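In this document, chain identifiers A, B, C, D, E and F correspond to the written order of the chains, with residue numbering beginning at 1 in each.
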């Protein structure tokens, strides 16, 4: 079992979600985060004082998937979250051990 | 006491300072003078209530839009007031209430005392009340165009609307213009058409030229709900507007007399009936008692009664209000699904549809001259003429203005700005900043 | 000017339009007429302030409850106003102020001018002021029953309370009913008992029939704190209520005269003393200067002075306020810990405990007739009779209503709805929606 | 009717109850008496508007600070009102308006009717209006010292400011003191200096003794932006203040007359001009139309016109407002970057800089006696004397008070409290609690 | 060392937390997320426009535990977060390398 | 590739961020969480009712780094987030498999 984590632009959630449904990845957990990557933030002013906006709102998606479709899920997210502009985000995959569905107590692939 | 004396000295106050505590002169002041003062004080209080409505508009518009645009929308509302008072003061007031032709006023600039006569009301009192109205027409537009309009473009538009377009409409109806000179004069007591429809038609044109927010319509053309970020803001805004409306309609009597209470009552009845009407209709239609729509219903009822609040009786008010509330629901659905005009707060439905409806209803429900009270169709015809004339004038003029703005400086922010939110990119800071993440980010770059 | 003329034409305004600017007639108007107009204008302004209090109640109730129920609670407050004005207009006003027996009024429906006489006040003026009061009684209930009451059930209850139960109580005291005919008439100037206790006893019964919110009491029966989601909302609500109270008490003079200022002053003193009293007590008791409790203390002080604001002097007001503020703290603790009645906003304590207390205190502190001013116990006895009568009547009638509602359509939402929040499941959309997650979710399913 | 009669019985109301509906006496009441009642009613309404301004201050201060201190800041505002009314009632009012010397009043305690005479205004009316002013001076301080001041220390300071320091200043100018007896009396119509500068200089000393918030200045001494957590709150607060200001300035006429409208108009013009001035300057300077700064500009314009609202004409008002709005921007930058005084809401700039500026401008723009209207420099010199005297007095006295507080109970919370937020640690609960995480945490520990 | 991640219904936090304390797992980090699993969201209306509520508020718990008690922690959460209704959530476990307690610099099991 | 996760006191973000920039770790994702560790919460009152504040606001940082600098990143965070008072937080490191930069589709170290 793999946990796919993706940081995406908030506005791309819609497209990503639909595309994931189409490939049968239904479960997903989303959280609001703020992040920045290589680019330095832009300078803005607040009440006349300059400051750098270094953190930009993003969404973090966490998707637990069977090993078999992990790559497909990553590719699907990458394609659908892409705008081509800086700040599109990252995706990473990490292996997961035991998985449980709380409602039924099922484990492993059945838990998804 | 001493302060009073100093004050009297400075101001040449009309009222002499008098005897014991609580003290009053034993003579000298005429009742008519006191009545005139009372008229002015009441209209000032009413003007403050109308100003207060801008808080209501701000809350409704902020609540029904997204958090990422919160600073931008409150800023537009703030500028509406600033620009409204300035533009109406410098140009609009003369166009509206100065001496002139049937079409516009052109005598008496900058509140020149030699040119204006408002009976018991002093020029400042009258002006403040009217300026608050002018700003109301503009603020309707900011709601409909929310979440995608360029700040500078909105500012320019608001100046033209409050400085020129609205005043000309006001002149026609309230400033001695042609609509007030029809054989059966057009009746729009407090502005269902003059203020609300004018704002709504301008909003309609604005939304037309702007197009919908990104994501509002799916690839299949179906509308999607873009939820407002604070229903409490929106509903508190509705309540603020409701209470401000007592000043809006009650103050339009332009005098303190026994009629004011009656006007306040028809206003209240229409407002609550509008809310009830919208609630029932939306509940039956969609299966849920929608909060925002009920709020829109109240506003629809209030807009609906604004034209006839002095001319109809309580029953008329309840019926007009309930029908206006019903109308709002269908109008919102129509603009959203059929016309595909993306109006985040329902401004066109509330102020346009109900403004027309309410103006028309005067022709039916006016206890003097209304069709239902044996008055024939004369009033109804006049109402129709007024509605169509204002519609045509505002649609054409605002279309020209929006066209020129769009062709020159542009009307809409870039897609990136729209998606990330207007707050940071247009105004430099978010409407809602986190406590620490932002502090973490806040090295001054100088 | 022209608008004024049109208006005068329509409305048959009582005031003739007059000369120069600022202009006033040189004769014709009598001072008594101006005074009558002034009475009406003041009571209208006061009514607007009382309406304004609904914003305060909305903010307090929203702030002291959880975010997941924010849309539901603002909606209940909105409906309170809508239903209150309609039900009080159609039935309640006649029951309260129509001619009839010592127990209720039954003559003069739908504000029929032939049946009512309110001295200088016109029927609309009087009605608006009283309707705003009726809605206040109901809104107290929505706070206590927050976060678990079915929407439709609340609506029905609010209609019965504002249409029947409250009006009967009002008739007894203010409409010429039996409590106003005691040898020493029961004194409740602005409604500590009539409005606030009535609302509170109804709330008490509601909470009793509803039971506590899930999670409010642990398995061991100990109360848990369920924190409000916005203290700023709650405290701004308290401030709004404070200022609205100047209309509530000051308008209850039902005239514009020199007394109004004195009433406003006792009101202000009692309010601030209540806040100070609660602050000190809660600080000493719990070790922290609790914000919400201080706000409750202000409201307790205001409720406490409402009965006697015109009858007591400044010192009386400060003492009544401070004691009421103190009482609020202990009442909240009592209901929370001992009675185990889950009242999220402290409505029963603020409006019930302090309402009784304030009504009683008139018997002690009234400068004319109070025990402390040599007036004997007559007034005190009358006050007790009034308190008990209203308590008994409201408890019994509301118990019946709640019982029937519970047995038929049900009073409480299902546990799932309660845990997930009422907003989405009862009203279709969250009070606070996120900017994008929700957009992501918003394909129209049609 | 009956209620009215009961009331009249209790209160010995001055107005006889009269005939038909709408009814008025056919004689007996003198116009002068009605005028006196009208004066009182208007000043009461104005006082309610000034009280209302506390909602505005609360919103501005809460919006421009961080969420973790939201409960603490609303609590300080609530206490300002409580303490202000009590301290001003018990001591301040006599110091300010009681008979006495050129320096302070000492005759007539506790609103003793034998000692005060305010012409048409009753003592309660006059007191309420003045108490609302006193609380305003204190609330300015709470904003500047936000996010780090100990609750108890603020309370003590507020009591001394509203009970002693502010009243003495008010006595000098409005209570018959020495500044009102200069050959050319110092003019401060509604309190640019008396209220606003007094508050601002106290704030200046407070900020000086407190030091900046942790993290406000980097290791290199450069200022960092600490963003406010709710711009909608801040801007709605500005709008609330704007509308309250109509009562602040218009009520300072201390009578209902034709002048009030003129005063309201100069107030409105200066406010909008201030917003426009600040917008343009901040836009040109920083490249972005900053929302909070535009709000500050409006407030600056309003503070600026407060001294001269009755003495200048419309053009003067627009110019004073626009310049004050401009000044605010530079003052905020100056205090932030150069003086390194950390004032989260810009209170010192808005109320101090613009208060001085506006007071001075009276010397130039007063249509009677101003330099620009041929009045010579006499008025200007008097204005300077007043400004400097108040500055010196307030700076010295508040410095002593802050010094003593700091040396004894301490002025500032501990660094841990400051970093974690004042809400939980000072007041026991967060301003904004989550729905479930907090419930999860809420076992009563007893 | 293992990181146990659990998505639960917000209202179950109380029970889960108490149960975890009882088995000696004291440290916990909680974040508010939104998620959905297999079930499609229910349709609601907002201002007359229909939309599907696909994301439902959940809490995400992250608990760092010694390998030895990981299973017990998972079981405890599963038992106490269960309501038996759809949407009860998931639990997963993943291995963690280095662990540091910031205050003291302690590493490994001592860092917990 | 490693994912460094750190729970820190909100006020320390500034220092940590600067220090990370200095060692060349630019990308970072931050989320607001609430947590508690060994210490029991303090008791407070709300409207007269006592309750225990068991959850305290923290920030969670997630930083994806090359294996080579993972330890340096951990140490940097530990040093700069430390106040020495209870509640300073934890850091943990977990291995990550595939990593993608959405904008370009780059993978592995190039994706950072």
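By our rule, contacts are C-beta pairs under 8 Å (C-beta built on N, C-alpha and C of every residue); 3 or more make two chains touch, one makes a residue touch a chain.
What you see is a predicted model; the values in this text were computed from it and never measured.
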What's the minimum number of touch steps needed to get from chain B to chain E?
1
Among A-D, D-F or D-E, whose interface repeats B-E's (more than half the contact pairs identical)?
A-D
Pair of chains joined by more contacts [C-beta pairs], A-C or D-F
D-F
Have a look at where chain B meets chain D and say same if over half of the interface residue numbers show up on both copies, different if under half do.
different
Using mean CA coordinates as chain centres, what's the gap between chain B and chain F in Å?
50
Rounded to a whole Å, what is the gap between the Cα centroids of chain C and chain D?
30
Geometric centre distance via CA averages, chain E-chain C, whole Å:
44
Chain B: which residues touch two or more other chains?
14, 22, 30-31, 33-34, 36, 38, 40, 45, 68, 121-122, 215, 223-225, 227, 258, 286, 288, 290, 292, 428-429, 434-435, 437-440, 442-444, 446
Set of chain E residues in contact with two or more other chains:
10-11, 14, 17, 30-32, 34, 44-46, 49-51, 54-55, 85, 94-95
Between the chains shown, work out who touches whom and classify the graph as line, ring, star, complete or other.
complete
Residues of chain A touching chain D in the complex:
44-51
Listed in rising order, chain E residues that touch chain C in their complex are 9-11, 14, 34, 41, 43-46, 49-57, 85
Within their complex, state which residues of chain B touch chain C.
14, 22, 30-36, 38-40, 42, 45, 49, 66-68, 113, 116-123, 173-176, 180, 185, 187, 189, 215, 218, 222-232, 235-236, 238-240, 242-243, 246-247, 250, 252-262, 264-265, 268-269, 272-273, 275-276, 279, 286, 288-292, 294-295, 298, 310-311, 314, 368, 421
Which of the residues in chain F come into contact with chain A in the complex?
1, 3, 17, 26-31, 64, 94-103, 105, 111
Contact set on chain A toward chain C in their complex:
10-11, 13-14, 17, 30, 32, 59
